[in-house]
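First the structure, which I've put down as structure tokens, then a few questions once you've had a look.
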Amino acid sequence: MIKRFFIALSLIILAGTFAKVVYNFVPNTELTNVAKHYVQHGTQELGATNLVTAVVVTYRGLDTLGEVVVLFISAAGVGLLLRRRKNDLVTKEEKRTEPSFLVQSVAEILVPLIFMLGAYIFLNGHLTPGGGFQGGAVIASGTMLLFLAAPYKHLNHGVLTALESISGFAYVLIGILGVTLLGAGHFIDNRFLPLGELGTLLSAGAIPIIYIIIGLKVGTELSVVLEDMREE
Amino acid sequence: MGPLGLKIIYTLITLVICGVYGLLLGAFMAKTMARVQGRIGIPLHQPFVDIIKNYGKRTAISHGIMFYLGPVFRLTGGIGTLVFIPVIFGSEYFSNFSVAGDLLLVMYFIFFGQLGMALGASEGGHPYSPIGIARGLAQMCAFEVPFALAIIAIAIQYNTFSITEIVAAQQGGILSWTFFTNPFAVVAALLAMLGMNMYPPFSIVLAPQEIPIGPPTEYHSAYLGMLQSNRAIFAAAKLVLFMNLFFGGATNFPVLVLKTWAIYMCSVLVGAAFPRFRPEETIRFFLRWPTVIGIVGLLFAKYYLI
Amino acid sequence: MLTVLTITICVGVLVGSLLAIVLDSLTSAVVSAGLASLFASVLYVLLSAPDVAMTEAAIGSGLTTMIFLYTIKKTQGVKKEVLK
Amino acid sequence: MVAYFQNPLNIYITAMAAAFLLGLVHKLGKMASLTLFYGALTMMAAVTLGSALSLSQPLIIQTAGFIAPLSINLQFGYYEAFFTICVNIAALLGGLYLYDYLKDSVLARALFLMLVVGINGMIMTRDLFNLFIFIEITSIATYGLIGLDRNIKALSAGFKYILAGGMISAFFLLGTALTYYKTGTLNIDQIIAMKDVLQDPIGLTAITLLLTALLIELKPFPANGWGLDVYQGSNAGIAAMISVGVSTGALFALYKLLPLFPAQHMGIISGIGLATFFFSNLMGLKQTDAKRMLGYSSIGQMGLVLLALSFFHTAPLTMFLGIVGGLFLNHFLAKAALFWIAGIVKKDHIKEWGILSQSKMLTVVFIIAVFALIGLPPFPGFWAKWQFIMVLGSGNHTFIIAAILIGSLFEAVYLLRWFNYVLAGSEEKLACEKSKRVPVLIFGLITAFISALLIKSSLGPQSSIYFFPIAFAVILMFVGNFIPTKLRALFAISGISYLSYYVQMNVSGLNLIFAQMFLWGGMILSIATFYKTKAKPATYGLLFLMLASLGGLVLSRTTLEFFFCWEIMTLASYLLVISGKNAKKAALTYITFSLGSAAFLMAGFALSNSLTLMGLAALPSSQATIVFTLLALGFLIKMGAFGVHIWVPGAYAEAEDDISAFIAAILSKAGVFGLFVIAIYMQSTISNSTLAYSLGWLGILTATFGALMAAFQEDIKKLLAYSSMGQMGYVIAAVALMSHLGWVTALYLSINHILYKSLLFLSVAGVIYRVNTREMYKMGGLIKKMPISFISAMMAIIAMSGVPPLTGFGGKWLMYTALIEKGWHLQAALAFFASGIAFLYMYRLVHSIFLGQAKPEHKDVKEAPLWLIIPQVIFMGLMMVGSTLPRLWVEKLSVAVGEFMPSTLTWSGQTATTSLGYWNGFMVMNIVGVIFVIVLIFLLLTFQKVQKVKQFNIVFAGERPFTPETTHVAYNMYAPVQKALGGWVKPRATAFWDGVTEWSHTLSHMFAGIYTGNGQTYLFFILLFFLMLNFLIGAN
Amino acid sequence: MGLYLNQYPLASIVLITGFMMILIGLWGMLTKTNIIKIIISITVVETGVNVILVSIGYIQGRTAPILDTAVLQIDALSRVVDPIPSALVLTSIVIGLGTTALMLSYVIKMYRVRQSLNIEDFGVLKW
């Protein structure tokens, strides 16, 4: 109880600090200088109508590469922890209940649709809200549905790993392409491909390609994570 | 016969006089003790007889080199001590070899014989020797404290360690003796002398058990003779030193005899009156009142006399 | 109007979060947290951040809830392993 | 192709490409993916090195084709280069070390690569949010790797780490958000340029949040329980990467953001660093788990680096790298090596570490690492710490200096205690794969190499004088296994002779006298070491090193040189002591006190603000008093002064017998030399001061108690040890006199001490060699078997006691004269008492060993080996010459001292005269000799035939004894004295220091109690840490 | 509650919501003993931080930074909100998922070893 009291006390003090921040908070009425540049020149410079995508993929491309790495190593960490190793001894195999017919048939229809939705989201990342990460997550949801429908089915780890591996490597390659084609300082620059006509699917230089790669990588990675957690 | 030769001759004369005087004092001491205890005691010539008897004995055994050298060290220590002390004030020849060093030399040379003796006696292998020596050394540590305090008080008072200069500073009347200018230091020194002489009540050194006497247990014949000679010379040397330091020295032999005899009597009388102390009692005793008196003497010299 | 709607959604988010903490049942707590997340994604839409809203909906309330549920399922019962 | 190696961006590209490809390549086979993995690590290290070498000015790397605030940029300047080189080399070797673990899991390999990328990113990025991402990459990769071991320890530690990490990232992200709100940019350089905007509540909250997050990554006290658990629980290879890699990233990230922190609050960061350093080391004291102990040490070291960072983050490059870089590098090299060794040993409890001693090479690296952490020269930490403390001193940061030095001492204690366990050895077999051994050895070599470079660069043009002896010693130590003992000894002696030639060419006056004491004394004593048929391989190297460092001490002009030599001497002597058979415990006490002494010296030199020893002379008097006190305390500890003497008996007694002679005769003079140095330079302030007066009393008390304690010892070497302590007491008092005669006395006593202590220790060494015991009452009557040893011992005690005619008397004469001349009368009286007590133990020594009844089991004992006799004969010869012709050398001492103050000692012929008295050593010797010979002849003439009998031929109480034991009175010889004075020598000092130990351990345990093991508690501490920081910053 | 609450309600309201979520989440992190509950609390904190970030980027009355119409492209500067916070939040959400997944994997393995979800059962290392 004393412990809780102290925790409450310190949280109250923390709340005081927060209150000070809130009290002094004046909501922005104007864009910051950097944002101004993005908003003013972003579409011309990069050819993407969705400025968030422009920021995510190119302006702050290194962040995104890092983000992909984070997801990659989380998946690796999950795998490292959960996948069975040679000498593990398991006492009891879990029983999985067969899902109902309804679930199975709904899944059969839905899963391809979900996958297509995911693909759509990352293909149009430079035009509409969404992008590689969202699309990838949607694809992973599809995988999840698949698991619900077919508890005894295993994903083909080999294919997934290869896909993930290749897409990751491709991302790095595209980054290098920026350097080799546009010169030093252009790592992860999407402009080594023509920007195309603003607002069309095949525009914004390499952004669609990058988002496809990211979408694939995120989708496969998250699917592997789900698989690992399910199979454990 | 250069001055060195003359000096050696005078030194030899001093030695003989002091030796004889020392033996007489020993006999006197024994007689006084006996009288106090109601016995007749030995005749005054008894020590002379003993010493001749011992030297006369031709057979001897030896436990080893150090055993053999022990008495040599001892006698060298005794003679050396005397040699480094100026005996008669104002006489260049009777100041012996005191040019070789000052009071500090004498104080440390006293240990020479004792150390050699201790080593020699130890080699004898008799258990009583080391017991006696251990006690003796312990006692020595203790009485050295008041003695050192007294010596330092003198050094403060006269600002010198040279014995000749100390005596010189005490000339000019009985009141300029250290005994009167700084009585505390003298009392401390005299108390220390009781221990130094190893007479009762500080005689435990010589008596681990009564029959074989202390460190020299294993010594006999000429060894013992040498030890006895040393006892005489060494006792005389110490008395002369005390006389020089505290009682204004002596300008001739009668005065010397008079003063030293008086000093000697102190220890004899004290010895006759007190029972023997155990070693730790001895240590505690010396580190208590004599030390306090010595410190008083020292401070007296430091803050009053200068 | 927008303000009222926003406040309502905010209350929804907070109630969801609170329930997620307070509820004893793990499953209910997870579902509450997912709901809070869903409300938050609506909030993002209101704040003109559709990209974030999509992400939050797909990941925050979808996948996260799912892996929580998996975990809850895995941490019941007495399956014991000797791990290398 | 060359361009590839010169662009730091390729570190990331290489790593990421490799990591992503690993999964695919793994399908081709394990070898392929392993090759890819190690290839990538190698390339990363190569790119880092290449980029660093081609660096002509700080490199800004833009990305995405836009200039900084629009896109994310990286920076690769000199600072970044230094830290990334460290990280990438550690990563390469760490990867190699983890081969066993990584070879089975391709996922782990990918994680490892990404961990390295994350750290590199933390160092290089100049974008706040990008920094967040790299922090996350680093953390998540670490979480994953900790999961490599799936036991309860690793799991729960990893989980606590994740919890803390979650809180940290929430803080950091919130801070980033608020910063962006205030500044409108995420570029760190721009934010720093706009830092004034951040001086309002929101901005300050933002800064606090960011700094809290980064500080917590550095595991500050007390919000670091999770960090300790991680170090303890995770695999050693991973723990090493966390300790040296992740911490590096966090440190550099903090360094980048530090300019944001209001300058007036920099003290808070210093305080956090200091508290972390101090408390971690305090808590480390009680630790018994090796990895957790390393954890405490890691956290402490990072605290120290943080402290340095708070002082020098704006300093110029060389200073920054010299101090912060040096401290970091030290931690980096040592900690990686130690963690790796911990993984090889695979024992949790430090008591079981004896197994390590089976691998010599690993043990050597272990020693190097431990010494580096303690801050001993020539390892990088020494130089950095020295510079750091000096700067602190010039800023008068007394409290910080004290805390650093005390903290370091704690660290030294627990590390060396651990070293003791290593030395204890073990039966068990040490299994060690090559892949694990190689990185450790490489790190050892790197440490050695950097240390060598640092000697060269830090000591300036004079450095070769210090460098070559060390190199020679190291070579001598390492070839020790391959060449015979005698040859090694010969090398060592020739080295010393060359050194003594060199040193004597370059010094004069007092320094020359000390050089001769150290080096000639050492050379003669070295002869004695031949007597051992088999010496330990390192012995001669260390012996040479010790003597060389003493030579260096004499040569040194600057405080750094002096301190360097002092520490080298400490190090060498410690290793010499510890090579004794049962010396481990004693050696620990010895080194603890020695390091305490060094700490005082360091503090003293720091507060003096002086680079040269000469500069000590120019101090204003109030400062001089403090400096003198500190320095004197340092030297006094080394001399074993009363109160800090408790190391003395152990170190002297337990060292090997010939080494004891070196320690007692030669090494103890180093303290004398030090005392002289400061007394000379600070003469004007110290003369007639209370300080000198107190020092004088301390010296006399040391003499008295040393002598008393010596009298009660049964162990012969302990007796000699206490005796040395006592004799050094006189020297202390003599130096404190600050008079011409006093200093001559001090020199005289020192030289005399070399003569007779060498004799005694060598003689005793021979005896112990023959009878195999150190208990005196188990010996006896050896005079017949070992006559030369006896003569040597006898001469030594005569010289020691001060009985004329040998050299001892001169010392006493000078000393009493000097004391009384100065007016220190009571002191003189006490000195007299002390010298009386000295007779007690001296007699005991000679009697119990050589005289009295011989033991039957010693009937076949022979004289000591010739090699021990030769130096004794030399010393006896020197002593005889010195006794007979004192003017020959005393006048030299008098002249040397005369450089500093007017001489009060005059000579006519062989007679020395002072204001108080006179002494003619030549005449005394002759008179005594003549009388002795005459008396001897008389005796010889009196006895024509003397019958030699056995010692046993005695009678007492009417009986012949039949067991020799009963007739050898040696055990508890001075029982009466003990009864009378035993109360004086109750081990109060020992009790006091035991109390100090006990208390610090109790405190250690108490503080460690905050680490409950519960992850939530740790979270709470993190929250409190933030609130505290917020309060401190907001308060102003 | 703030001087500007009435003038600029939306961003401030959301900001307060975000801070309250952080506090709620912290309370859960510090008081709940079930480790799954603790992780849920962490996700609540993370969502709170994200909400705050979005609210900082919001400008009253503006639309999303997707310039898909001519009107928007002409007068973009005064019509769209800041795209940067959106980009940051996007990243942060993904990272959050990654850490959550990893934490839950730890939970599963910890449960396997100790058969418990109580955090107090995992204090094997201390002092």
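Worth a mention:
Lettered A, B, C, D and E in written order, each chain numbered from 1.
Please note the rule applied: a residue touches a chain if its C-beta (ideal position, glycine included) is under 8 Å from a C-beta of that chain, and two chains touch if they have at least 3 such contacts.
Computed from a predicted structure; not experimentally measured.
Where touching is counted per the definition, the chains common to chain B and chain E are D. Chains making contact with chain A as well as with chain B: D.
More C-beta pairs touch across the B-D interface than across any other pair of chains. Each chain gets a centre from the mean of its Cα atoms; for chain A and chain E, those two points are 16 Å apart. We define each chain's centre as the mean of its Cα atoms; on that basis chain C and chain D are separated by 57 Å. Chain C and chain E, compared by their mean Cα positions, are separated by 11 Å.
Shared interface positions of chain A, defined as residues touching 2 or more other chains, are 7, 11, 14, 21, 23, 25, 28, 32, 34-35, 38, 50, 52, 60, 63, 66-67, 70, 73-74, 77, 81, 85-86, 129, 133, 222, 225, 229, 232.
Across the assembly, chain D contributes residues 129, 133, 136, 140, 143-144, 147, 150-151, 178, 180-181, 186, 1020, 1023 that each touch 2 or more other chains.
In chain B, no residue touches at least two other chains.
Chain A contributes residues 4, 7-8, 11, 14-15, 18, 21-23, 25-32, 34-36, 38-40, 42-43, 49-52, 54-56, 60, 63-64, 66-67, 70-71, 73-75, 77-78, 81-82, 127-129, 133, 199, 218, 222, 225, 228-229, 232 to its touches with chain E in the complex. By the touch criterion given at the top, residues 781, 783-784, 787, 790, 794, 797-798, 801-804, 809, 812-813, 816-817, 820, 823, 825-826, 828-829, 832-833, 836-837, 839-840, 843-844, 846-847, 851-853, 911, 915-920, 923-924, 927-928, 931-932, 935-936, 939, 942-954, 956-957, 961, 966-970, 973-974, 976-977, 979-981 of chain D touch chain B in their complex. Per the touch definition, chain B reaches chain D in the complex via residues 55, 58-66, 68-69, 71-73, 75-76, 79-80, 83-84, 97, 99-105, 108-109, 111-112, 115, 118-119, 122-128, 130-131, 133-135, 137-138, 140-142, 144-145, 148-149, 152-153, 155-156, 159-162, 209, 211-212, 217-218, 221-223, 225-226, 278-281, 283-284, 287, 294-295, 298, 302. By the touch criterion stated above, chain D contacts chain E in their complex at residues 129, 133, 136, 140, 143-144, 147, 150-153, 155-160, 162-163, 165-167, 169-170, 173-174, 176-178, 180-181, 186, 225, 228-229, 232-233, 286-287, 292, 1005, 1008-1009, 1011-1016, 1019-1020, 1023. The touching residues of chain E, when paired with chain D in their complex, are 22, 26, 29-31, 33, 35, 38, 42, 45-46, 49, 52-53, 56, 84-85, 88, 91-92, 95, 98-99, 102-103, 105-107, 109-110, 113-114, 119-120, 122-127.
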